[in-house]
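Consider the two complexes below, in which subunit A is the common component and subunit B and subunit C are the respective partners.
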Partner chain A sequence: MSSLLKLDTEGYKALMKRYIETRDEQSLYEIEQASKLFIKNSILPDEIVNMHIQSLKDLYPNLSEDIQYSMNFLLEAMIAYGIAHQEYQQLREKQSELKSEISVAASMQETLLETKKPTIDGLDIGVISVPAHQMNGDYHHFVKGRDGSLGIAIADVIGKGIPAALCMSMIKYAMDSYPEDAMTPKAILANMNRVVERNVDPSMFITMFYAQYLPSDHTLRYASAGHEPGFYYNSSQDTFEELTTKGLVLGVTPDTTYPQYELKIESNDMVILLTDGVTECRDGERFIERQEVLDVIKRYAHLPVQKIVDQTFKYFERLQDFELRDDFTLLILRREV
Partner chain B sequence: MKPQSCVNIKKEWDIVAARQLGRDIARKIGFGTVDQARIATTISELSRNIYLYADHGQICFEVIDTFDNKGLCIIAIDVGPGIEDIGQVLEDGYSTSGGLGAGLPGVKRLMDEFDIHSEVGKGTRIKTIKWLR
Partner chain C sequence: MNLTINVVDEQPSKSIVYLAGEIDAYTAPDLKEALIPLMRQEDQVVAVDLAEVNYMDSTGLGTFVSALKSSKEYNSKLTLVNIQDRVLRLFQITGLDEIMDIRASIRGGSE
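Coming up: the complex of A and B.
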């Protein structure tokens, strides 16, 4: 195979001459390779036509004028393609810039929203949160109170991507500004509601579930602001119950109040908190049923809870052809003996 | 700089006249076929903008022939609504006519130098140069 074609008129002419004389496949292969190089080096279609015209003139000095004119005509026809190609190149560059900017923002967000899964005697905790795109519009947060209680917030901005992620960062700051303990779920939601009402565009909706677990008397207190209902797994009866709650999504009116509920947690009972990215998984065109989530959790129930949430995620990720449509957050607590 | 030759743009026909004059001048300066075609496309874009959006305007040509540089300067002047956000019209993919027009970003690519002044409610003046290499 001859060395690479030089990307100039001389090279083009030589190759074209050889092709006209031999009509061999190799010349065609070489011009195909050259054509890729033209694109890589931003040689525009009109310039290629021009190379062709020059080559023709050199090879056939007696070429009829009509043919020459027709080639000039072709060159004019190529001009707009050249401009479009340049625009396309520039848009591609812009896109890759944007992508890298977003990935920087995503890693900043990850650091910002980072929350450590606490270790609490007698309590097994598992959590997984995976964004559909680069940035996460779901949020979860653990707070360990001085009284030994564990606070858990799980929230979802309706929508996904960058706007949702920006919104979540604000929620995180608001949460951080509260004193760590002595805050009941209903008080925290009432507070968050005021923050969201004041600071967030009315077209954005945020739902939040706040739970507080008291290891001393194995009680779960919780309240919800329009959030996807969680589940309680009753181990002795081997049944799941929905954690039904009342409470408006955050930010609708400034003085919303949130009823608080209490639940006794027995040994091996589980509390399952999630966002709608879990329950609204899709199998092809079909939305899954909430029951399916429970079936999957049950299938892995013999494992440590971190394994349960990981496996459940893997199951639904696969079901959706590895393409999440919404941010996915699943959090499970299990009381050990 | 030699005196200007100008073409008034009022009808779509005038675009062709401007292209013709510009191409003739470009050929005389010594531009090759590719550059002639690019200059003609530039003239089209500039005069179509006048034809579509302004009340009336002109496309003027100046031959630049100094000691070290030779080139063609095209100036498009119109009396019209002007452009409010110049940054936006110079952005790829923005075209008020919604068509596949190369628009001003296309002109910037086809030419070597580009300058634009616009006053809302008064008009726009675009000056662009192609150098002979």
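Coming up: the complex of A and C.
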């Protein structure tokens, strides 16, 4: 058969004429194909009706006026569809633009928030952080002080997705701007609280746990701003204890102070820090309980610490109806010698 | 999951907001829409009854924090009553239980 219809009034008219004369299936097939091309080329429904009107007039110069009026009427009726279609096309383009912008933002965020797991003699460190969606609202950060101490921050923005992720970049820069010597956990949290309170939307706030490990005397100092409590694993007794703390989340009231706690870490003891994404995991309708997390950690406790956190995540991921509702961050320190 | 929100005006300046279901990222916006306008009424006393709320995530906490902030701004009063343990734990961890009025019973223990 002849090549595809040209997408103009002449082509439309020719095909319509052929159909009216022969009423063959082929003509119908061709107009169906043409219709797909119309869509592809953003030809609007009212333009098609207009082609139809022109073709009718050319083919039937004596067409009754009533029919012509009715066609004009149809033309008007199609206009809103045309506009809706155009809007839909624009939305589709916008959406794909946004999608690619978000993925650029996500990878930028990853670079911005990147923190290097430090090497410290006598300390094994493992961390895993998995975002529930494209961007991560959890944050963890290591800072090595000149005095040999290690600062560890783990934080969670309340709220998910992009606003939460943007908020985290602010936290990171605020943290970077503190002089190292002033990095006691309680001072950092008090400072961060002021930054967050001044800069963040009222429905958003941040929980943060800040710990400082002093390898010289194997002491852990820590303070918490409403963060999901971590655990201390006492190796000699083979028990887990919750790191109970007081302290309000960041960003609610401007003058919050944070009590600081201290803990002696013995050989093979572990400190386990996490975000509530770990305990908000679901296995179908069931929540994963904190005790269950500890049981899993204990199961892998003989492994290097990075393996423990990786295997723990994998364990939950393998649960049949596992659903990651929130960003998941698990960080473990173990004193080696 | 769903959240049903039922606002009962006990007196002209006293409302009870009955919630049932789950407060999470999907339902929190509805709660916010119901709660914030109440908090913005000068001297309004608002009790939120959480007896039928079995799950709340951090987004829900965020909603109550912004309600608390509004209450300070507009001199209204926010009280959370009949909280279940699992939900209460969230308020305790975040230290919010120390700055919010959280009670076990809506009638202040007279029952």
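Going forward, the second predicted complex is superposed on the first by the 237 of 337 C-alpha atoms of A that agree within 3 Å, B and C clash if a C-alpha of one lies under 4 Å from a C-alpha of the other, contacts with A are read in each partner's own complex, and residues count from 1 in each chain.
Just so we're on the same page, contacts are C-beta pairs under 8 Å (C-beta built on N, C-alpha and C of every residue); 3 or more make two chains touch, one makes a residue touch a chain.
What you are looking at is a predicted structure, and each value in this text was computed from that prediction instead of being measured.
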| message | Looking at A:D276, would you say it contacts subunit B, subunit C, both, or neither? Reply first, second, both or neither. | response | second
| task | Based on the superposed arrangement, let me know which partner A:P215 touches: subunit B (first), subunit C (second), both, or neither? | result | neither
| First, second, both or neither for A:E228, with subunit B first and subunit C second | second
| message | Let me test your reading of the model: by the given contact rule, A:K246 touches which partner, first (subunit B), second (subunit C), both or neither? | response | second
| message | Output check: A:L91 vs subunit B and subunit C. Expected answer is one of first, second, both, neither. What do you get? | response | first
| request: Please work out whether A:N72 is in contact with subunit B alone, subunit C alone, both, or neither, and reply first, second, both or neither. | output: first
| field | Contact breadth on subunit A, by residue count: subunit C or subunit B | value | C
| message | One more residue to check, A:G145. First (subunit B), second (subunit C), both or neither? | response | neither
| task | Going by the contact rule at the top, pick out the subunit A residues touching subunit C in the complex. | result | 156, 158-160, 202-205, 207, 225-229, 246-249, 252-253, 276, 280, 325-326
| query | Within the complex, which stretch of subunit A touches subunit B? | reply | 46-47, 50, 53, 72, 75-76, 79-80, 83-84, 86-87, 90-91, 94
| query | In their shared complex, at which residues does subunit B touch subunit A? | reply | 32-34, 37-38, 40-41, 92-93, 100, 102, 105-106, 109-110
| said: Could you list, by residue number, the parts of subunit C that touch subunit A in their complex? | reply: 24-25, 32, 57-59, 61-63, 65-66, 68-70, 93-96, 98-99
